[in-house]
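Each of the next two complexes has subunit A plus one other chain: subunit B in the first, subunit C in the second.
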Partner chain A sequence: MLFLQLLLQGLQTGALYALTAAGFALIFGATRIFHFAHGATFAIAGYVFLYFWNAGQPWPGALAAIAAAVVFGLGMERFVYRPIQRHEGSFFTVFVAAFGVAVVVQNLIGMIAGRGFASVDTPLSMANEVLPDVFLAPIFWIAIAVAIVLFVALSAFLTRTHAGVGLRALAQNPDLLRAYGLSSNRLSMLAFALGSAMAAPAAILTAMTTGLNEAVGHHVMLISMAATIVGGVGSLRGAALAGLMLGVAESVALQFVDTQWAEGVSFLVLFAFIIFRPSGIFGVAQTR
Partner chain B sequence: MIAYAANLATIVAIFAILAATLNFIVGYAGIFSVAHAVFFGLGAYAGAQVALLLIPDPLLACLAGAVVAGGLSLCLALPALRVRGEYFVAASMGLQMMAVTLFSEAKPLTGGIGGLVNIPRPTLFGVEVSVLPLALVALALILLATALLQRGAFGRTLQALRDAESAAEALGKNVAAAKTLAMAFACAGAGIGGALFALHLSFVNVESFTMDQSVLVMAMVIIGGTGTLWGPLVGAIILLSLPSGLAFIPFIPPTEVGAVQQIVYGLAMTLLMIFRPAGLVGDLSKGRATA
Partner chain C sequence: MSGPQIARRALLGTALAAPFAHPSLAQATDPYVIGTLFPMSGPNAEYGTLFTNGAALAIEHARADNMLRRPMRIQAEDTQALPQQGVIGMTKLVNVDKAHYVLVGFTAVSKAVAPVADRAKTIAVNGGAVGPDLSGLSPYFWNVIPLAHLETQAFIPFLMGRNLKRIALVYVDDPLGDAILGLLRTELPKAGGELVGSFSVPRTAQQFGPVAARVRQSRPDAVYIASFGAQQAQIIKGMRDNGIRVPLVGYSALSIPTVTAMPEAEGVIFTSQKFDYTGGSEVTRRFATDFKAKYGSDPGTYNANYYNAVRLFALLAKELEAEGAEVNGENLRRTLLRVREFDLVGGKATFDDKGDMSAEIQVNEIRGGRVVPIA
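The block that comes next holds the complex of A and B.
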């Protein structure tokens, strides 16, 4: 029964990982920008929600969290990545600039909201016994439902709408896209807005379950990068699936190791993929 | 006052060693590691254990630090041989986070969260010595080695594989060997820095080897200028004098100095990348480090 409990717990964590990682993969796939401040987006959204929650405003808080994530993502695109890409867009320059922002955000949050773990208390995270010795909180169903709804909506958007098709085209051939008269700048902003917005629900649900701390961005980045690489770069489905898989793996591993090693499981999976299959599950071997 | 200055100088020298060795792989080989503090830590624990269990001989401690850190650099060289750029950053970041867990859990070797305490003062040939001259000599040697390696065939091979890996391989350069060697050299250097750090403070714990520390060293390299000989030194001096400078600004509460310092260099990294990607010392007319 412990196994089932851990598996379900892992699905809940994995659903949140999948959302965050898919946002990261969407941005990376469409714009080829390794958005290293995606963890900062997550942290900002989570802490904005926390602030509103403490003021007794959960629903406006959820909207504000999404808005804050989108504004931050767009700001990064407009004021950091675009000026860099205008003169020279080497990976190194983009990475360092984003990393600097992530450091600033982490410390600002620490100064404003205080350091250490912060979480919200809600009856939604109270566990009930659903099967003998298996406990589930209502938040489990919320996390799964939110993930499913958002993924269905996202894939409908990417396949059925003009802008969604444009986003996929941007990933494949930006020059051809411009030749067809579409604005790659506008599409890249769309990718950042969508990808950042996807981090917000995950951040809110994380605040309700395990809680946040100011350094949560590191963990989020590791998971997002690991899921993107394991899933295969450019594959949104791959990133989501890998995120889910990492969540389950981390949780099920608790049967054998202590909690502090859970992150290590994700690291080992990432390491194994980098060494044995760098193109990931769904990736095609490509020359970079 | 003299003690304060000597202490600051020792710390600057040790961090300059870290920055110079990180610059060697980032600036010349294009291997972007955010796990440099791991090898600093390995060296520190190895050096501390030598001093605690055998004799507090700084040379032996440095040797142990270099061997342990250089040997375990294979952990990072392995992914570096398979992938580059973003992928490698992900691998090194994972390694850094794993290492912090390992350092806090492996109590017999590292003392856990509490760390290793009461490391004896270093003595050389029976005479107690201070760490400052040792650190300065080590720094000078490492800068000399960097300059020599950079001018020689090895340095040119590294720069070639940084700028165009496939081309370097096509011209018959042994890319795998060059990367592994560069990595071992840089990590062994960080290990020496770690051993000196442990002897200087006579106390080490995992706090000094976290991701934040890796980021600090990276900021030194970037703010100073990647791929330059003196850049990392300049970066180390600037970033380490920052906390003392900030302490004089009255409206910053003392508890927030660390956070303000990180905000300042985080901001500096971002602004430099937007406006002056080659760093303070870097020459803009030359090609920039690309990974």
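The block that comes next holds the complex of A and C.
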């Protein structure tokens, strides 16, 4: 029964990782911008939801969280990354800028919302015994359902709409995109809007389950990066699957190893992929 | 070149050189630098604010009472509760800021900075960490908080008395967590209890559902939480959300406002040092009244400890000023060992040869968002 319990908890955690990682992968895949401030997007969305929840407005809070995530993502694209790229800034310049913004956001959250732990008090996160020694909270089903619905919707958007196809083309050949009359700037903004919006549901569910603190974004970024590499750089479904896999791995591992190693297992998976399949699950091997 | 020009230059040169020619003139009005090595960002930043609030109030009181000839000022360095950052901060405080006295918290940070304090002969005072091996780290490292072995010595008989004999421990993988593990492992069997499981978690861990599953398997009577900051709050929520219904217990780190305000923390039992803010000494009542007036909330253990740490400096420096002796680490230590007993928040405090303050321990329970002493 312990294995089943750990598997179920791993699926719940993995669903949240998948949502966050998919947002990061979408942005990175389409724009090749290493958006390190994606963790800050997550933290902003979580705290905005928390503010509305405490004011007794959960549904407007969910919408406000998504809106805040999108506005922040677009702001980063328009006012941070685009000026750097205009001056042909290097990958490292982009990374340092994003890292700096993430630190500023962390400190602003601490100043505005307080530096302690914060969470949403809801019966949805309270587990009940569904089988002998197996506890499950209603939020498990919500996390799984939200992840499935969003991935199906996003996949449909990317494959069946003009803008979605344009996003995929942006990653492969921006110059050719312009020849077809599409604006790479607009598509880049779309990628940031969609990718940032994906972080909001995960942030809301995290506020209900593990809770938030001003530094929550760093952990989110670690998982997102790991999932993007394991899934295959540029592959949305790869990042989502890898996020789910990392969540399950770090939970199920406790059947076999000490609790100390839970997070280490995620990174062992990462190392294994880097060594044995550097292109990731769905990545395409590059030849030089 | 005319005479008046030479005179003006000479005057200007003399004025500029005066502070260097007579450093005592400059030093006479320079403030005493109270360095702080607290986490001011990251998941443990809440402690930094609590620690600083207590220290700042003590400085205000010392100034109001004209205790010292020179003012005191705080020079803050952010450790993020990490030992590496602590050593960097301590090195800067002693070498660049010429700190007279340094306040430090967290076991790992304290252990890291103690050798620097020792080499620089600068007093470092801990008011927040409880690792038992913080005692006697250096003649220049003092504790104004009872350490974990004193908390567990008082707590284990209480747990046995409540028939909470099978204890599972969830502990952070750092010197504090390891110290609590060692104490429970040796002390519980002596009292008729049993450590039925010990579950180490990394400092960065945030998911505690799977840990709760492992804890549940050990069938404990109570779960002892040995972590701090945002993580201990996450552990409490993780345990309660995932079906752990037995009492959650722990040590003084649980006394922070975000933990006491959590609905999931209702009924959590923990030890801390004993403070009676309503009765007690004039120093204690003044601290409690002014703290509430300044910060809008009742003071907690950490506020009082760091108030005491700064008040201790003011009392020692006052003695040294009266002697005409320099306020430095060696003289502060000499005076501490000579005077020994000080009027601090909580009553008369006595220091031993190692620089550890003795204090009584009380057992508290979180009830309705408040900390209520129960034993």
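Just so we're on the same page, the second predicted complex is superposed on the first by the 279 of 288 C-alpha atoms of A that agree within 3 Å, B and C clash if a C-alpha of one lies under 4 Å from a C-alpha of the other, contacts with A are read in each partner's own complex, and residues count from 1 in each chain.
Following the convention adopted for this analysis, contacts are C-beta pairs under 8 Å (C-beta built on N, C-alpha and C of every residue); 3 or more make two chains touch, one makes a residue touch a chain.
No experiment lies behind these values; they were computed from the predicted model shown.
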Superposed partners subunit B and subunit C on subunit A - clash or fit: clash
Partner chain(s) touched by A:Ala67 [first = subunit B, second = subunit C, both, neither]: neither
Partner chain in contact with A:Gly110 - subunit B first, subunit C second, else both or neither: both
Touching partner for A:Gly10 - first (subunit B), second (subunit C), both, neither: second
First, second, both or neither for A:Glu250, with subunit B first and subunit C second: second
Touching partner for A:Phe271 - first (subunit B), second (subunit C), both, neither: first
Subunit B versus subunit C as contact partner of A:Ala169, first or second or both or neither: neither
Partner chain in contact with A:Pro83 - subunit B first, subunit C second, else both or neither: first
First, second, both or neither for A:Ile281, with subunit B first and subunit C second: neither
Partner chain in contact with A:Ile144 - subunit B first, subunit C second, else both or neither: neither
Of the stretches 94-102, 148-156, 274-282 or 292-300 belonging to subunit C, the one that collides with subunit B: 94-102
Common interface residues of subunit A - those touching subunit B in one complex and subunit C in the other: 106-107, 110, 219, 260, 263-264
Subunit C to subunit A touching residues, read off their complex: 41-43, 45-46, 48-49, 173, 199-202, 204-211, 213-214, 216-217, 229-230, 233-234, 237-238, 240-243, 256-259, 262-264
Subunit A - residues contacting subunit C, complex: 2, 5-6, 9-10, 12-13, 106-107, 110, 114-119, 121, 125-129, 133, 135, 137, 209-211, 213-216, 219, 250-251, 254, 258-260, 262-264
Sites on subunit B touched by subunit A in the complex: 30, 32, 78-79, 82-83, 85-87, 89-91, 93-95, 97-98, 101, 104-105, 211, 215, 218-219, 222, 226, 256, 259-260, 262-263, 265-274, 277, 288-291
Complex contacts: residues of subunit A adjacent to subunit B: 34, 36, 80, 83-84, 87-88, 90-104, 106-108, 110-111, 218-219, 221-222, 225-226, 229, 260-261, 263-264, 266-267, 270-271, 274-275, 278, 288
